[in-house]
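Take this structure, written in structure tokens, and hold onto it; I'll ask about it next.
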Amino acid sequence: MENLIALLIAAPLLGAAVLLVGGRRLDAVGHWIGTLLSAASFVIGLVLFAGLLGRDAGSRTLIQHLFSWIPVAGFQADVTFRLDQLSMTFVLLITGVGSLIHLYSVGYMEHDERRRRFFGYLNLFLAAMLLLVLADNYLLLYVGWEGVGLASYLLIGFWQHKPSAATAAKKAFLVNRVGDMGLSIAIMLMFTTFGSFAFGPVFSHVGDTSQGKLTAIALMLLLAACGKSAQVPLQSWLGDAMEGPTPVSALIHAATMVTAGVYLIVRSGAVFNAAPDAQLAVTVVGAVTLLFGAIVGCAKDDIKKALAGSTMSQIGYMVLAAGLGPIGYVFAIMHLVTHGFFKAGLFLGAGSVMHGMNDEVDMRRYGGLRKYMPVTFITFGLGYLAIIGFPGLSGFFSKDKIIEAAFAKGGTEGWILGGAALLGAAITAFYMTRVMLMTFFGEERWRNQPTRSPEAPSAEPAAEHRGEHAEPHPHESPKVMTIPMIVLAVGSVFGGAFFSIGDRFLHWLEPVTGHSEGNSPVSAWTVTGATMVCLVVGVAIAWAQYGRKPVPAVAPRGSLLTRAARRDLLQDDFNHVVLVRGGEHLTRSLVYVDHTLVDGVVNGTAAGFGGLSGRLRRVQNGFARSYAVSMFGGAALLVAATLLMRAV
Amino acid sequence: MSFPLLTVTAALPALGAVATAAVPAARRTAAKWLALVVSLATLALAITVLVRFDPGGARYQLTESHAWIADFGVRYELGVDGIGVALVALTALLIPFIILAGWHDADPLETGSRRWRPTQGFFALILAVEAMVVLSFEATDVFLFYIFFEAMLIPMYFLIGGFGDRAHEHGEETASTQRSYAAVKFLLYNLVGGLIMLAAVIGLYVVAGNFSLQEIAHARATGSLHMATSTERWLFLGFFFAFAVKAPLWPLHTWLPNAMQESTAPVAVLITAVVDKVGTFAMLRFCLGLFPEASKWATPVILVLALISILYGALLAVGQRDIKRLVAYASISHFGFIIMGIFAMTSQGQSGATLYMVNHGLSTAALLLVVGFLISRRGSRLIADYGGVQKVAPVLAGTFLIGGLATLSLPGLAPFVSEFLVLVGTFTRYPAIGIVATLGIVLAALYVLVLYQRTMTGPVKPQVSAMPDLRVRELVVVAPLIALLIFLGVYPKPVTDIVNPAVKQTMSDVHKKDPKPEVEAAK
Amino acid sequence: MNPVNYLYLAALLFTIGATGVLIRRNAIVVFMCIELMLNACNLAFVTFSRMHGNLDGQIIAFFTMVVAAAEVVVGLAIIVSLFRTRHSASVDDASLMKL
Amino acid sequence: MSTAAVHSLWTNAADPIAKIGAPKIEYGQLSPTLIVLGAALVGVLVEAFVPRKSRYYAQVFVSVVALCAAFAAVVALASDGYGTTKAHIAAMGAIAVDGPSLFLQGTILLAALVGLFTFAERRLDPAAHGNRVDSFAAQAASVPGSDSEQAAVKAGFTTTEVFPLLLFAVGGMLVFPSANDLLTLFVALEVFSLPLYLLCALARRKRLMSQEAAVKYFLLGAFASAFTLFGIALLYGYAGSVSYGRIAQVVDGTVTGIDPALADTMGSDALLLIGGAMIVMGLLFKVGAVPFHMWTPDVYQGAPTPVTGFMAAATKVAAFGALLRLLYVVLPGMRWDWRPVMWAVAIITMLGGAIVAITQTDIKRLLAYSSIAHAGFILAGVIATSKDGVSSVLFYLAGYSFVTIGAFAVVTLVRDAGGEATHLSKWAGLGRRSPLVAAVFAVFLLAFAGIPLTSGFAGKFAVFKAAADGGAAPLVVIGVISSAIAAFFYIRVIVLMFFSEPKPEGPTVAVPSPLTMVAIGVGVAVTLVLGVAPQYFLDLASQAGVFVR
């Protein structure tokens, strides 16, 4: 049964290979091949899941050793897969949501002549993501880690002829590379400390080394996680990543890839548990990010960017939870899964809206769409309720648990983190309600729009293809798109309840992550109550701002915070000034140095000899008598020198 | 005395060069085919060497030894260890692609005289270089090595100075002057290095009395040959200088950008992927093998220089406007990695460095040859002259991207394995240097992706709108390289198995042991 | 009289000749100065032979004269041909080739 | 000194002649020299009696036969073991027949033979009035540009005297390195110098420059030989003899030669040191070492190119041979005095030659300076004062001489309206117009630059190795540096030939007769053979590396 694990990865990998090498002759069927193979991978995942359930909780870890990858003296990297409850969860999430989004893309990318390649990239992503979660050592994980980075690079920049897209893709890859630096340093540290970087040996020997080492390793892992999961300070790429086609945003930048950081932390729980300082850092990063993302989410008028902000903030929750240690691991993963459902659903919904609105992304040009695209409205709405944590829906369970856990951390930290989490909940309720209202309620602001204003450029060039710039005709999306939305909506409604009732999920993951009940200063019910209050407050404020009053079609100037938030709280500006400008100056000056100094020395020497030669040449003035003089002088010197030699 | 396989492997291309040069002026195509066939035959021989080589066996295998210049204590001694085998194979592998890629690079525009035969010359010179490079990988006699180390400059010099990119922004006149400047710079740089090495070679003779690598090593091991510390250091410096120029190591690198910029892409590949490898190879075999103590003495400085090369090369690559110059600086950065791996004095570092030589050969070849195809289409080397190529020539763009990703050593492609090994190997002994070096990863991503974005993406520039996609010949060149890059990225074991024993030997040469991990976890 | 003085004389003559070569322009005169140097050598030879009490030096002197004569032949030939082409025997005029 | 003593001198001289026996001359062992000089006399007779039409052929025939025969004699002597076991001093101590002298004589003879071919070349210049002409003046006596010259040309005169002159020069050169007493040395010096002075003046084209070269060469040469002679006088005064062996003994102190009266007036060693220095200076002048080099560029440029080639090759061989013998046989006792001085000379010669050459614009001058630099390299070997040093110098000279002749032979081929086109700018793009010639010249240049697989490299390595062995490591380093500098201008020429666009009014490359082809071919062959498989010749040189005393 272990041998099936490789197939999980093989299927989408094959798909990618076939689609990318296959060439034009596959254009007609390419998308179906892609979808089929990802579905196949999902089926294999189910089979393995069944197999795992068949075993007792203690022995639900399958290891498949494929071959020895890099055998060098004292350095062993093998291609070995580990399938345990944690990775199983991810496998199902990835392949499941992945397949749905493949299906959705069939419809969404219908009019793109490079659809085949798109599906090739999607499959490539699946393969890499599965490798990431199935790897049994950090180096192999690193391969998957960069693999998803590559896939995301290709997909964000899928519409390469748009400079904005190309830039966004490059930015994403670069920021991630910074994170990857952290991962590779962590691996090197592990190697020098444990002589290995395979999960088993590392975790089992955590006890044998100094805490300082472990903290260093943990912090490096955190850096990696920040890069991949768009956590502060490496979050800046996620917003721009929305340049990619919406399915990509749904799959990669909401449901799966961006959560890899959480996976990394949870997977390395053993290390983090032994490094409390690092854990604190993790929680801080999580808390800051969840507020940061939420605030950004409030200010964006671009529906996808708003959702991106929310993604950032939700992952903040997960990271926060993961930072809490055994108290939080399970809930981090649980929220990750439920978030996978509803956020993917929301993005697909957004995509469907854009599909119907000539790829308009500015929510200020939406409004009253509920009667034009009912299915989208309902699924989106359910997703909305789920994310704000409406009682009974999946978000409610997972987020509530995290907030509890935050308090359970105890001490002032506990209060601060819990408070941040609560505040985040309130803001979440606010901006999601805002999105909801601006999109589906209010008057139809998209009517009698002469032409789209230049400063809100189309996110998706398909519009140009269809050449409709005039008034859009909102319409429901085709089945192939709505079905996945419905499925995901179902997931986001019942997922949480299904997991939480009888702590199913807890018991499922506990063997891997371990679990401990913190001693919360406040009772669970109080927390829930507080959460509800925050929720209501958030919704109320949003309603007051966007439900009662009509939404202006052109964004008002807004408060300082709003304006800052619109610019991602000036993070990009900081990067631009410090890194980009500084870097440009550095390189330019280095080029100058290389040319004048390093090369100059060489050319200077040559020139120097030339000049010397030219000067010495003049001695040869053509007069025989001066030649005789030099001979005479030479003879004199010769004699003198010889006598001198004898004298000394 | 068995069949002299190594000699034949080198002699074949040499004879091929003569034959190619002798082809009559009118028969250009014949010359091309002849050269191609010869290079393929050489490849076959190299593969036989690879097969006949037994990783578990003696250090130097397939050895040949004949008296040559007794007065100088010089013998004609050939032999290959794992490292040599790998590099011989790499050389023999790349040459056919180089020839194929340069198929039309030397077609005369208008011929001045009927006896002027540039095409024949071009391919003959390439084969001559191959012969000399192969011999320098095989020589186990310092003097013999030196001879070919120096002699290969001449054909390279003519290749750089004699054959440049077709269309040039400032017309043929300035082009030829710039070319000859680059060629002279290349030659003088390396000649100076070589002559300083000559002084050291003579010094070695004065000290040791012969040039046989094995004999000297053995004599030193048994203590029958004692070198004063200062002597050893001076000799080491003499050797290292030459290799550092060839490699090239900062600050002796400035010849490379000019040379690569002015020469045609295949020749540029010949420089970085093949000829420069002799430098790093020689560091591993001669510097460490002959002067272990001095090598250890110099390690800190060399590591710092290597580190500078890594970052400096990468940063300058970011700042370039000329595609080939960019690749040149990228190579400088990579050579920094190789040298760092060699002098980290750990098995990971040295295996990584050796692997790196091979992988860098493949990745640079892939990238540069595609760049060459690109330039031959648009007739400009300036990044700014391109844009949106991806739309009109997707296959070209795709291969270009893969080459680029290999250059930034993306996991899953061959260079990643070697680069990571080098980093780990360095880190275990010199953590600080290892960490700073990882910055190179980010910078590599920067210059590759910027290059890709500027040339391939964005709106299609009018000048490139009519650009044809890769032709069959060009695909035949690129596809195998990419396949190899992927294969060696996923399954480098075949190479590591060959390399590891040799590295073990080198480590014992310098009496170094890998630092033990803090806790013995793996075992 | 102490024969060493003859050596001093020889040295003096030699120096005079050398100086003449350095300062005179006319090729013939320069050549004469060289002859003077040769004769200085002859004087030295003879003196030494006198001091050592063997005849080698005196014989060498004869050889020197012969060689000098040969030199005259060749030298004059060259100088005269130069003079005929340039109508001047100044060694300084003959400076086409320089640098 | 008392009158009695003086009187005794008289009476000594007045003794009956009967005591003096007839000198014993080993004609067999001197045969190479005697053959060549004899042939030279025959050549003179030919000039006198053979009709003009057939003189050229007669002269060439005589010279070739003589040189071949002389070489055969050398080989025979060597194979008889005169080079090694039976090495001894012949002709009453005047001539040393030993390894170095035979090796050098062989080299000189071969070089002369090859040089002779370039002398005899008659295809390069366009035929004047229907009769083929060589590169020598129709009638040296006639004033350039005068009617008499025109007439001479019309009449088809040729200066066939060059062949006897060449033979005389060769004869002198054969004696020079094997001279075993200072008198023979001096005579030999003059015997090979005087014909060369004349040959320099005989160019057919650019006669003014040719004559100027001759004058400069003659005056400076005579000046130098005057110094040599004075040095000889002083040494004679020091040792009371001019025979090498005797002087060496006195220097070593085994025999006291110096007159006490002299000793107390001028410090005994002063004579030795001053005299030695002056003789060495004369020899350094011939090899063209800085600061005695200044004649070289002018004379090389002005002389007829075949003469330049021969002179550059053979003179260097002979002069270095003599220098070696002087320093190794006569003055080893005072090694510690002259070595530092020679160090200095070698260093400034290497660097000076290389540096000044960088900015030369005339190919012949360029080669002249390169020959100066090479003189410096060879000096490095001379200084080694070891058997290795001797053999390495011998080897270097053998390799170098043929490369030089070959290179100058190529120079004779590149011509335009004004004769040879020696200005570098005219060589631009030669590689395009006639790749073969350019390639051959490139080979020679690479050999000069000392690129591996050429004789230049083997020689340079041998010399530097000897020097380093002799403890002159700094010299090696400087030699290496200066060869790096030298490489620069050799490369410049190659760049010019191959990489720069040919000029429309560029020179043409004349198709030579087999004679020059042989000269060039030999040059290439020697370059490559000595570069790739030098062992045999190295053995030869090392066997010949011992001087007889």
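Each chain gets a letter, A, B, C and D, in the order it is written, and its residues are counted from 1.
Rule of thumb we're sticking to: a contact is a pair of C-beta atoms (placed from the backbone, for glycine too) under 8 Å apart; a residue touches a chain by one contact, two chains touch by 3 or more.
These are the chains along with the protein names UniProt gives them: A = NADH:ubiquinone oxidoreductase subunit L; B = NADH:ubiquinone oxidoreductase subunit M; C = NADH-quinone oxidoreductase subunit K; D = NADH-quinone oxidoreductase subunit N.
Computed from a prediction, not measured in an experiment: that's the story for all the values here.
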Contact-pair count is greater, between A-C and C-D, for C-D
If chain centres are mean C-alpha positions, then the most distant from chain A is chain C
The distance between the C-alpha centres of chain B and chain C, rounded to whole Å, is 65
Between chain C and chain D, the Cα-mean centres are separated in Å by 24
The distance between the C-alpha centres of chain A and chain C, rounded to whole Å, is 97
Distance between the CA centroids of chain B and chain D (whole Å) is 46
For chain B, residue numbers touching 2 or more other chains are 188
Going by residue number, chain D touches two or more other chains at 215-216, 219, 223, 227, 297-298, 488
Where chain C touches two or more other chains at once, the residues are 18, 21, 30, 91, 94-98
Touching chain C in the complex, chain A uses residues 617-618, 620-625, 628-629, 632
Note: in the complex, chain A contacts chain B through residues 20, 67-76, 139, 142-143, 145-147, 150, 153, 157, 160-163, 165-167, 170, 173-174, 177-178, 180-181, 184-185, 187-189, 191-196, 198, 201-202, 204-205, 208-209, 213, 583, 586-588, 590-591, 594, 598-599, 602, 606
Per the touch rule, the chain D residues reaching chain A in their complex are 215-216, 219-220, 223-224, 227, 269-270, 273-274, 276-278, 280-281, 285, 291-292, 294-295, 297-298, 336-338, 340-341, 344-345, 352, 355-360, 485, 488
As the complex stands, chain D meets chain B at residues 429, 432-436, 446, 449, 451-453, 457-458, 461-462, 464-465, 468-469, 473, 476-477, 480-481, 483-484, 487-488, 491-492, 495, 498-502, 533-535, 538-539, 542
In the complex, chain B touches chain A at residues 185, 188-189, 250-251, 253-254, 312, 315-316, 318-320, 347-348, 351-352, 388, 390-391, 398, 405, 410-412, 416-417, 420-421, 423-424, 427-428, 431, 434-435, 438-439, 441-442, 445-446, 449-450, 453, 456-460, 490-493, 496-497, 500, 503-504, 514-523
